[in-house]
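Both complexes below contain chain A, partnered by chain B and then by chain C.
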Partner chain A sequence: MEQKRHMGLKTLNRVSNTAIYILLIIISVVWLIPFVFILLQSFRVESTYQVGYVIPHEWGWQNYLNLWNSDFKRWYLNTFIIALASAVLITIIQLCMSYTLSRFRFKMRAGLMRFMLILGMFPGMLTMIILYRVLSDLGLTQANAVPGLILVGVASSGMGYYVSKGFFDTIPKSLDEAARVDGATRFQVLYKIILPLSKPIVIYTILTAFMGPWGDYVFARYVAFGTSAGYNVAVGMYSWLTNDQIARMYTTFCAGGVIVALPVTILFLCLQKYYVEGVTGGAVKG
Partner chain B sequence: MKRYSDLEYLRLSKGQRFANKLAAFFTGIPGAIGRFFIKIGLAIKNGFMALVNEIKDILSTFIHGDWKTKTSFVIMGFGNLTRGQILRGLLFMLFEAVFIIYMVTTGGYWLSMLPSLGKVGPTSEYNAVLDTYVTAYNDNSFKILLYGVLTIFFIVAFIYTWVVNVKQNKLAEQFLKSGKKLKSDKDDLRSMVDEQFYKTLLALPMTGILVFTVMPIVFMILVAFTNYDGAHNGFSNNLFTWVGLDNFNTLLSWKGGAGGGQSYSATFGEILTWTLIWAFLATFTNYFLGMFVAMMINKKGIRLKKMWRTILVMTVAIPQFISLLYVSKMFARNGLINLSLQSLGWIKEPLPFWEDPTWARITVIVINIWVGIPYLMLITTGILMNIPADLYESARIDGANAWQQYRKITLPYMLFITGPYLLTSFTGNMNNFNVIYLLTGGAPTNPAASGAAGSVGYTDLLITWLFKITTGAESQYYLASVVGIMVFVVVALISLVVYNVLPSIKNEEDYQ
Partner chain C sequence: MASVKLTKVKKIYDNKVVAVHDFDLEIKDKEFVVFVGPSGCGKSTTLRMIAGLEEISEGTVEINGEVVNDLQPKDRGIAMVFQNYALYPHMTVYDNIAFSLRLKKVPEDVVYEKVTNAAKVLGITEYLMRKPRALSGGQRQRVAIGRAMVRDSNVFLMDEPLSNLDAKLRNQMRAEIILLREKLDTTFIYVTHDQTEAMTLGDRIVIMKDGYIMQVGTPTEVFEMPQNLFVAEFIGAPKMNIIKTELLQEGGEYYVTPFGAKFQVNDIKGEMLKKKAVKPGEILLGVRPEHISLAKPGEEGIDCKLVVNEMMGSELHLHVETEDGSSLIVRIPTVDLEDEERASLVAGCQLRIKFGGKVMHFFDPESEENLLTDKA
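Moving on to the complex of A and B:
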């Protein structure tokens, strides 16, 4: 009897495991399929519009050549510059902010955090109108959109301090105190003790700051409106899928998608460990 | 609402307890509002008393202070300079000089124009050299509003600095009288990387937030009380001016919109309802399905855990505009799915994924699940692994099946840890511009709402509507501002309710 029950459990377990494997395989396929499709269609030469099959009848590099001959190079460079500058500047600003809010106890601290929480409840899109006018007065729109986008993106990045503050909160304060007793200044504590321990969160911040601009559509469109030289990849490639362009540019869009996604994805997979740590550690507490 | 004694309360089911809490919250609202106003009244009273004390303090400083202190009331930093704090003194003086020069040259003008937002619009004037009429631009309402606000910020900052300057003089005088030494410039500089290091660290980020977030928000709130739009751009066609609460009346009134469409309030109500439904479904479908996937991968005996996770995580890396635009076109009328189903002969007419309101709404939610699950899977994986294994062990010994274990252990634990995350994710989804805009652009169009600003669609959220208003032909910025303020009010209200109800729910969950 006992034996039989044991066997029953085992078969039950095997059945449920098999079911899970089947589900996981289906999930993996569903999640990967669009990307496989984009890749395959980027090599399709016989037609440039949407068709009812996936595997190209005729393979070739034509779509990638089209990319090379279009403004895509410029858009890609724009986005890359924005991403690089953001990665450096946003990281510095966010780390300053989160380290301060995690480590110092000053009079305005609680009020400051509540204030930023309330600010965050306003839709950011609301500020676009005025930011656009201010940037255009400074001459940082249309063809000069790149520095303008960097400026705006970096300036308000201090509000996104939650994740890294969550990380700094986990570093024991006794470390700071020990160093302070030994006569280190606050600056030395940050530079010599906290920073070396913060590699995961620094990498996480750099990674997210670098990846953000690749998908930034709405403000970039607002700032660069109508001037191709100021587009980033998202704004530029969006214009290929409008009703009058899509029949001509659909497969080129797929090729562009591959070129944009590939480096970002490879970078992401290499640093995946840090991303997962950041998301699971900080995002929930924040 | 029924009041329960403690014993009665414990006998209630979870659902009844929750209903009771919720009822208690809502019946408590009038009292809470009353307390809120009392609090505000007290705060005003306290603030006023503090102000009076402050002024008394400043006056007595002036009366009892020596000549150095007295001079500092007019020339900021004079006391610091004469007492050997050169650096502080120079900074104070510099600030005062900049302030006075600014106010005299331009600040005064902006401030004086602020009540009217400009008097003379662009005029057409005869130019003798060119022998033709050219447009002369005069006042600029936009700049007046912008620099007017900035000037007010600047004046407040100046008053604050002036008070600090007075206080420093008072302190310095007391210090010197009692024979203590003042901080030297060297001490000041050292303290910037030590005790006062937080000021150094916060200076740059806070300036950025002040200039690029706070100032624009203040500006846009003010715009809601003006008639700033494409036809009144305040510069090249017509000036704009203050209109009081007119715009709020327009949005909330029941009158029909222009062109015989339905009223703004009806449109606003429809969009708000869909926004809330969307945010609720998007948050909870992702949450539960993401948790489900994470639990499958975490289950003991499942191999290749790392591979399954990597496959899902990889999709997080690919920029959303690529995947969303591609998927959007996949579901289009002549997209991959419809074309292949037709060529297989399974359907005759293309499926109306983006043409039918109900289809479009369901499709958007389903695709959002596809977008959100990997992220939720990541978040929940870490928490799931932290649940003590012996909880499940003892539950199994007691004969609990998988569903009971989930209901009694996993779910309460998860909700406890991720409560705040669920709230931010809900409000984030309310403002989820990317998914809606890149997938549908708000389509299909709602013909009844065509009178309202922009063309409103059935999948439009408040945030995409706001975008359409500002980029539409009429560019009704004032209306966009009002909608933005409404979004803020809704988000703030929801947060307030959840924060007040949530902790009590949490405490109820038992962890044994």
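Moving on to the complex of A and C:
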């Protein structure tokens, strides 16, 4: 009787697991279809316009060569510079801000946090016109859009403190105190103790800070405003999708899409393990 | 080596709560001083002010004659062991202990020597390459002590270092701290809420309550001559019995009359009462449970009923109730009892208890101060 019930449970488990796996496989296939589609189109060389089939009849690198010979290189470099500079600066500012709000006690601290939280609820788009005016007065639009976009991205980055502050709050304060008694300065406490313990959140901050400008379209288009030298990839490639260009550039566009997705994919593959690393084990009594 | 002097030290938090009031204390070089008191009494706050982790609102803290109020913790020549160990979890035991030395840019061979020496003293050599999470509570605490040891500091501060350990390990570590103290031969300030730790470790004990010092004294002093009712009840386990009673003076001798019985105060205490010119009248009489014994038939004593008999191994803790419903605790060593006598001690049985005049403590019912001590 007992054995029968045991067998029954085992079968039930197997059935439900199989069902779950089938569902997950279907979801991942659906999820992957657009990516596979773009990848295949980027290798299609028999025509450059949209077609009604998926597998190319003729394969080749022509579309990637076209990219190399177009303004794409410039756009790609622009995007890379913006994203990299933003990622570095935003990460530094945001982590310092979070550390300050987590560890220092000063007047109006709670008020400041609430104020920034409320301010952050307004969509950034609202500030577009005035930001454009400011950038324009500073000479940071059109051909100089790259430093302009870095400035815009970095300027308000401290307001994104709450995720990392929440993480820092979970690290016992006695670690800071022990380090200070041991002779560490506040800054050494941050980079020798807090940051190594916060790898997942540091990586998260870098990734989000990098991804924002990497995929930016609206603001980048607005600031570069018709000057190809100031375009990022999204704005530049979108210019290939106009009525008179699309037939000529569609497959090149797909190749561009693949190249744009590459660094982000690599970044994620390399860094994903940090998300799951539990590093605070053994810090305090446990 | 260093002396520590606190003068009128006060801690007022932002919300105007005063955690420590006018704390005055002079700690001599190489002295082991224990701050003890219930939670919220300000003992940890005082320690943290000495360490420099808490701002001093008023007053001065001097280490070796130098006012350190505005010095960073690292510049005060102190080392500290925290309650939750505060080991850096991403570093190995070796790196944890070496951390402060490396910050000081000490050459790596000297670091190696110091770390391995400390590890040898603490018996953690085989764990040097492990991360803290792979250690037991006791081992972690040893690492924390090792980290403090290598700093060669003048003052060793310990904030409830044993309270996260289980009872058995706590006893063992307590003995190790006594040995460590002999080896290090430096000034120790130790915070605990456990009066046993305070009594066994301290050269002097500072008993605190609500931010005030209740008494400073050697373990013997605070045990035998508690300054006030709070100290009397806090030091000693189980706590002292307090009985509201009458102090009588007949023919030049003092007597107390708890629960209708009449006990004479012995000569020494009687002389002290005379010297202090204590007037007869209502007092609070304190008697420790271990100083009460079972009266023999016909002896003067207090009749009471046994409510609970706790067998502690080497002794019995008898919770008794007097005729007017007051509760008292009596501690009887089991070796003093005959088997029959022991078997008769069951809940509900009638007992007669007594105590000698030497072990009585007399407190003022209003101020709760000890009538035999000078005011602090």
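In this section, the second predicted complex is superposed on the first by the 248 of 286 C-alpha atoms of A that agree within 3 Å, B and C clash if a C-alpha of one lies under 4 Å from a C-alpha of the other, contacts with A are read in each partner's own complex, and residues count from 1 in each chain.
Please note the rule applied: contacts are C-beta pairs under 8 Å (C-beta built on N, C-alpha and C of every residue); 3 or more make two chains touch, one makes a residue touch a chain.
This one's a predicted model, so the numbers in the text were calculated from it and none came from an experiment.
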item: First, second, both or neither for A:S156, with chain B first and chain C second; value: first
item: Which of chain B and chain C A:L135 touches, first, second, both or neither; value: neither
item: Which superposed partner A:L24 touches (first chain B, second chain C, both, neither); value: first
item: First (chain B), second (chain C), both or neither touched by A:V260; value: first
item: Chain B versus chain C as contact partner of A:D182, first or second or both or neither; value: second
item: Chain B versus chain C as contact partner of A:M116, first or second or both or neither; value: first
item: Contacts of A:A83 with chain B and chain C, given as first, second, both or neither; value: neither
item: Where chain A meets both chain C and chain B, residue numbers; value: 279-281, 283-286
item: Contact set on chain A toward chain B in their complex; value: 13, 17, 20-21, 23-24, 27-28, 30-32, 34-35, 37-38, 50-54, 93-94, 96-97, 99-100, 104, 106, 116, 118-119, 121-131, 133-134, 151-152, 154-159, 185-187, 190, 211, 214-215, 217-218, 222, 233-234, 237-238, 241, 246, 250, 253-254, 257, 260-261, 264-265, 267-269, 272, 275-276, 279-281, 283-286
item: List of chain A residues in touch with chain C within their complex; value: 105, 172, 174-175, 177-184, 188, 193, 196-197, 279-286
item: Residue ranges of chain C in contact with chain A within the complex; value: 14, 51-53, 72-74, 78-80, 82-90, 99-100, 103-104, 131-135, 137, 140, 147, 151, 164
item: Residue ranges of chain B touching chain A (in the complex, touch as defined); value: 142, 146, 190, 193-195, 197-198, 201-202, 204-206, 208-209, 211-214, 216-217, 219-220, 223, 293, 296-297, 299, 301-302, 308, 310-323, 325-327, 329-330, 332, 334-336, 339-340, 342-343, 370, 373-375, 378-379, 381-383, 417-418, 420-421, 424, 427, 431, 433-434, 437-438, 462-463, 466-467, 470-471, 477, 480-481, 484, 487-488, 491-492, 495
